[in-house]
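The letters A, B and C name the chains in turn, as written, and every chain counts its residues from 1.
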Amino acid sequence: MATVTPSLGAHVHSDDHSHGHHEQTFISKYVFSIDHKVIGIQFLVTTLLMLMVGGALALAVRWQLAFPWGSMPIVGKLFGLFQTEGGQISPEFYTMLFTMHASVMIFLVIIPVLAGAFGNFLIPLQIGADDMAFPVLNMLSYWFMWPAIACFGISFVASGATAGPGNGWTSYPLLSDLADAAPSSGAAQTWWLFGLTLVGVSSMMGSVNYMTTIINMRAPGMTMFRMPLTIWSMFITAILQAFALPVLTAAGFMLVFDRLSSLLPTDVHSVFFIPAGIVVNNAAPTIGGGQPLLWQHLFWFYSHPAVYIMLLPAMGMVSDMLACMCRKPVFGYKPMVYSMAAIAGLGFIVWGHHMFTSGMNPALGMTFMTSTMMIALPSAIKVFNWIGTIWDGNIKFNAVFLNCAAFVALFVVGGLSGIFMAAVPVDIYFHDTYFIVAHFHYVLFGATLFGVFAAVQFWYPKMFGREMNDTVQKWHFALTFIGMNGTFFPMHLLGIAGMPRRYADPYLHGYLEHLLPMNQFMTISAIIMGFAQFLLLGNFALSFFFGKKAGRNPWGANGLEWSAPSPPGHGNFDVPPVCYRGPYEYSSPEAEAMGQDFILQTSPPPAGYKASSNHGH
Amino acid sequence: MKKFWALFFIFWPIVALYVCLVAPSRNWWFPSAPMSSVGHQIDGLFYLILIIVAVTFVGTQVGLGYALWKGATKKSGEKAVFSHGSHKLEIMWTIVPSFVLVFISLTQLEVLANIRVLARFPDEARKTPVAEVTARQFEWRIRYPKPGTQLSTEPQEGDLYFVNELHVPVSQPVMVHLRTQDVQHAFFAPKLRVKQDAVPGLVIPIWFEIEKAGEYELVCAELCGWGHYKMKARIIAESEESYLKYLAALETDQNEDGVADEAASASDEE
Amino acid sequence: MSLTPSWNRFLLLPMLTAVVAGGCSEYNSSFVYSERTTSLIPEAQDGFKGESEAAPAISGVKQLVDDRFGNPQDLKAWLKLPVEFGGTQSAVAEYSAVEGVATVKFSVEEGKSLPETASSVHVVSGALAGETLLISNWDATTGQATLEGLPSKEISAGDSCVIDGGTVMQSGRVLYMRHCSHCHGTSGDGAGPTAQYLNPRPRDYRHGIFKFTSTTDVSKASRQDIKRVLQYGIPGTYMPSFLLLTDSEINSLVEYVRFLSLRGEYERKLVNELAGDFSQKAVATRTEGGESREAIVSELKEMLAADIVDAANSIGDGMAEDWSVSDTAEAVIVPTVARVPDSPESRRRGRELYLSKTLNCADCHGVDGAGNGPQTIAYEKNPITGEPYNEAGLHDVWDNLNQPRNLHRGIYRGGRRPIDLFARIHAGIKGSRMPSFKNTPHEDIWHVVNYVLSIPFEPEPGATGVAVAAPPAAAAVAP
């Protein structure tokens, strides 16, 4: 083992952390750190906190839907808003609640927790590199999150405390383009756009880094098809992100220009999205020639791939964890890789399915419908393969596994409900009803977040050298799972009943009145689910101090990261790792020859063992 | 405990299915049967997809549940089966779903064309649009052409105006022009299964044929600002005769000069 | 690690509970007082505390208003006011209390009927005047009620009472809080949370003035006027149409809006009685002039104890009179001649009048009706303070910039029927700088109406009376 010389350009470190490095201060070690692990943990902690912010906003939304125009707790009494109304919120405040719930959850939780936290932490460890290709860029990618968070924070109050950004996370013009169009369309919207752009900058830095690292810095023997599916998913996500994000950034700038170019001391004003002669709030009629649909095309050209950016890494991580917890190789490793690639590829040509009712040419609708239908195929293949992985496994029923199994079970619901909306005529009815809300929460919460919950616990020992309490995690899982289904499953029925989304008071409409009790049930479920997250946070924080000490490989997993110390020191590995096999050789004859049911990717073939078929696929 | 968790995952799809099965009887289903000709087609497609999806849902959840149960009842010490997958299975579960998906999308095309392609709108509807519906924050403004004239895209003298109430003749295809005065809105009539965004700068024709006289909700389905939920209107489908009567009454009201027939105006005031 | 596992790991839960409990405790809506009220000295606002039985408490303005109108949780009905509070006026026909069970038989005036259900009765006169009794059993056909428990005193036949009083007000308030308050404010001050973002600002009812009415220039708005605005909205503003509310819902809202208007008007007029001498500004001037503050306060005390009570009553009477009369047919503008048939000649005559010195419409609305007359760029003075406004243009009594309408846009806020335009010209737009032209011959007004209605269709600005040109090329129709 000691005779192996690394052939790739990674700088080799010994066990001694300070070797070859100047002394590190607290600031450079834990704050402006360029160590991918610290950055990953920074991302993780930040996003978990943001998860609570987004969750609080969601509960406020649910409160209004269950007790419309009732006195809203905390908002009124504690924040002193809506005093003469006795804490009864205003409709524009409601638009802010759902807009910021989505914005926070998407841009400050899901995207950064997957790529930022786990991407950063896992990529070098799983491919056997000592750090990212561009450590400083990596640090910047985290620190660009904070200006973004600051911009989002300012946007809450920029137009007054009761009217934060309220044009939906999709921010369709003209609502988002004309400052007079809504209370929230003024300064709040501008700050929101700045925040969005900065999140984009952060993501882009990450993407470039991940791609470079994965292509160039793999350990010897770590061929592309020996990479864990986590790495594949991060790789594909990075590519998606790198190609799609510029379009959103461009669109964002166009919108900012539309909004702000009149402030410039030049005669250059843009009207990308503004048609002529529109009057809102008795402002002067617009001078235009633009087209609001352009925004929808540009926005969804990014945001549809973004949906997969929010899902693929979780898919990869869950594949890893399922294999480990079932002590069984991933069923169909290559089909898994190909289907992820197919999702990414098709992801670029399906954006139009968000616009089936927009007045886009019907011929386009037909094309987008077919491509959207086809994107269900790789998703289906993945589901079948996950079930195949669990099948005949030696299942460890811990919270990691339960969360992963929930991922599979709930992703099926999210995937299947998508088929309704891929079919244009049916979507005409379901577009912008609660059916779509149910759909994307099953995908983003049911799938991605459950995957994240599993991943947090799975890699926690590697991050902090201690294990999280499994019993607490099981309680967290059970409460979250029940709360989640209680909250989101009825949304399918609300959608079928024709309840449009983003309504502050749906019960104004006679045909929706009878849905109030169901909404109250959903709100109670959501409150249970929301408070269950304190179990996760508490467990996360307390395990850091009190958790059971973990060794290098507490789960008996195969990946390269498990051959490193827990937590890994600066430079990650005490010995430069060499990869000898695929990542999922659980229960293989080779492992059995060593008397165990796993075999680290770094373990050389046991003496006397004849490698006859270490590639089953 | 292992069995508990396996049952946990077997149990919840049963609850979900049960909820879906009782939903129609609990009124957690469509607000009503489809009341327009395309509505029937849309619902037909919905139920087709629902059946396919339900079968898939049950299939995958049974598969998952069974796999979990097998894992939970495994004797201690028993090893996992070492397998990297199966080409046959992969091919099978690639081909079958792709046929199903292509089948689903092919079934949609005809209906989609009927709903959206202007050239395939019923002729009588396309030639005489009955009204222009203009969405604005936060109401629906209706403009009918002066009785006996053709609807023009720009307001004409003698056009009739109303708000939040669109009258159309029943049992015949009608076309309305949809536009917006300010931001984007969407014309959504849940019981008719009609939805179309109103996009600033565009005039978008939509057609529907209401099968039964009555009142149908019209709401907004695209976020249009703080009062999005307030855009509550109705479509009233009535016989040709009473439709024309309505227009005549609207014309009289619109020319009200306050001194006309005393009795009529008195009853009008109340 | 330095932290020891101990009780402090459970601190989180009580902290959370405290936050939730603190944030979730009861929180009620409230009526606010106008800025003019709060500009009075504190004693005038809050009155004087009672020190002994000989010197009972004396109400200030706030208390006087609350006595008559209550707060959103406990609305008061000042029966003198022309507001339909709800409930059935009736009288006690028989009363009996046998074995601890009190039964009352009620009677109503000829032509009126008893309600289908009843849960409470408010006694207005007699020994129990002012008390509300709960009804446990109600027979609508006979008017026989069983009371819950025994009343503290005898009720005698002939005592007048109200069954289920305030139902209209209650439903009006609930509807108002749901549909209206976020713009118009809980107390109808046009300052709800959404109001600050809207142009024009939502109506502040507290002046008792509504812009678009069918009534004469000196009248208030009639119920029908408010109802019409609720049903059809005000085009060109954020006031949407509430057409689909039921008739009884609309009626309750109308009554509640009247209630809030009257509350505001009452408060305003009460303050008028005191503002001259007892506003903070006036008192400052007076003390500078050598008067002692104690003297001023005792003068105020005297006034609040005696004169103001009479003043309050006469203010109530005056308001009752105004609002009642405005709701009768006499207040409605009825043109003496039918509309002059629309013709190029009539439109030309209308334009002549429009430009004439007598009507002088062009001064504000501009020569071509584009709403750009010379007045729109002049600086006005605030009629109350005498200070010029910050921005050029015309202002309404709410101090909002209120520029004249651009007549080319075809948007008529007060309605597009000829009678609506006639009333706009005849009575003016109340509270705004659009004056009343009631002395103009009605025929001339009709000419102007015909002209104004034709402006959006003019082939070119100012070219009226010309045959209408062919409609412009159709706008692009999306496939």
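Assume a contact is a pair of C-beta atoms (placed from the backbone, for glycine too) under 8 Å apart; a residue touches a chain by one contact, two chains touch by 3 or more.
Quick caveat: nothing in here was measured; it's all calculated off a predicted structure.
If you sketch which chains touch which, every chain touches every other chain without exception. By the count of C-beta pairs in contact, the leading chain pair is A-B. Computed from the mean C-alpha positions, the centre of subunit B lies at a distance of 40 Å from the centre of subunit C. Centre-to-centre separation of subunit A and subunit B, using mean CA positions: 31 Å. If you average the CA atoms of subunit A and of subunit C, the two centres end up 51 Å from each other. Across the assembly, subunit C contributes 194, 238, 478-479 as residues in contact with two or more other chains. Along subunit A, residues 90-92, 182-183, 359, 362, 505, 508 each make contact with two or more other chains.
Those residues of subunit B in touch with two or more other chains are numbered 117, 137, 199, 202, 204, 226-227, 230, 232. On subunit C, the positions that touch subunit A within their shared complex are 1, 3, 5, 9, 12, 16, 19-20, 22-32, 72, 177-178, 181-182, 185-187, 192-194, 196-200, 236-238, 478-479. Residues of subunit C touching subunit B in their complex: 179, 194, 224, 232-233, 235, 238, 240-241, 243-244, 333-339, 410, 416-419, 422-423, 446, 454, 456-457, 468, 471-472, 474-479.
By the touch criterion given at the top, residues 117-118, 137-139, 141, 152-157, 161, 163-165, 177, 199, 202-205, 226-227, 230-234, 253-260, 269 of subunit B touch subunit C in their complex.
Across the complex, subunit B meets subunit A through its residues 1-2, 5-6, 8-9, 12-13, 15-16, 19-20, 23, 27-32, 38, 41-42, 45-46, 49-50, 52-53, 56-57, 60-61, 63-64, 67-68, 70-72, 74, 78-86, 89-90, 93-94, 97-98, 101-102, 104-105, 108-109, 111-113, 115-117, 137, 181-184, 186, 188, 190-191, 193-197, 199-202, 204, 217, 219-230, 232. Across the interface of their complex, subunit B is touched by residues 90-92, 94-95, 166-168, 172-175, 178, 181-184, 274-276, 278-280, 288, 291-293, 326-333, 335, 357-359, 362, 365-366, 369-370, 373-374, 376-377, 380-381, 383-385, 387-388, 390-395, 397, 402, 405-406, 408-409, 412-413, 416-417, 419-420, 422-426, 428-429, 431-433, 478, 481, 485, 489-490, 492-493, 496-498, 500, 502-506, 508-511, 514-515, 518, 584, 586-589, 592, 597, 615-617 of subunit A.
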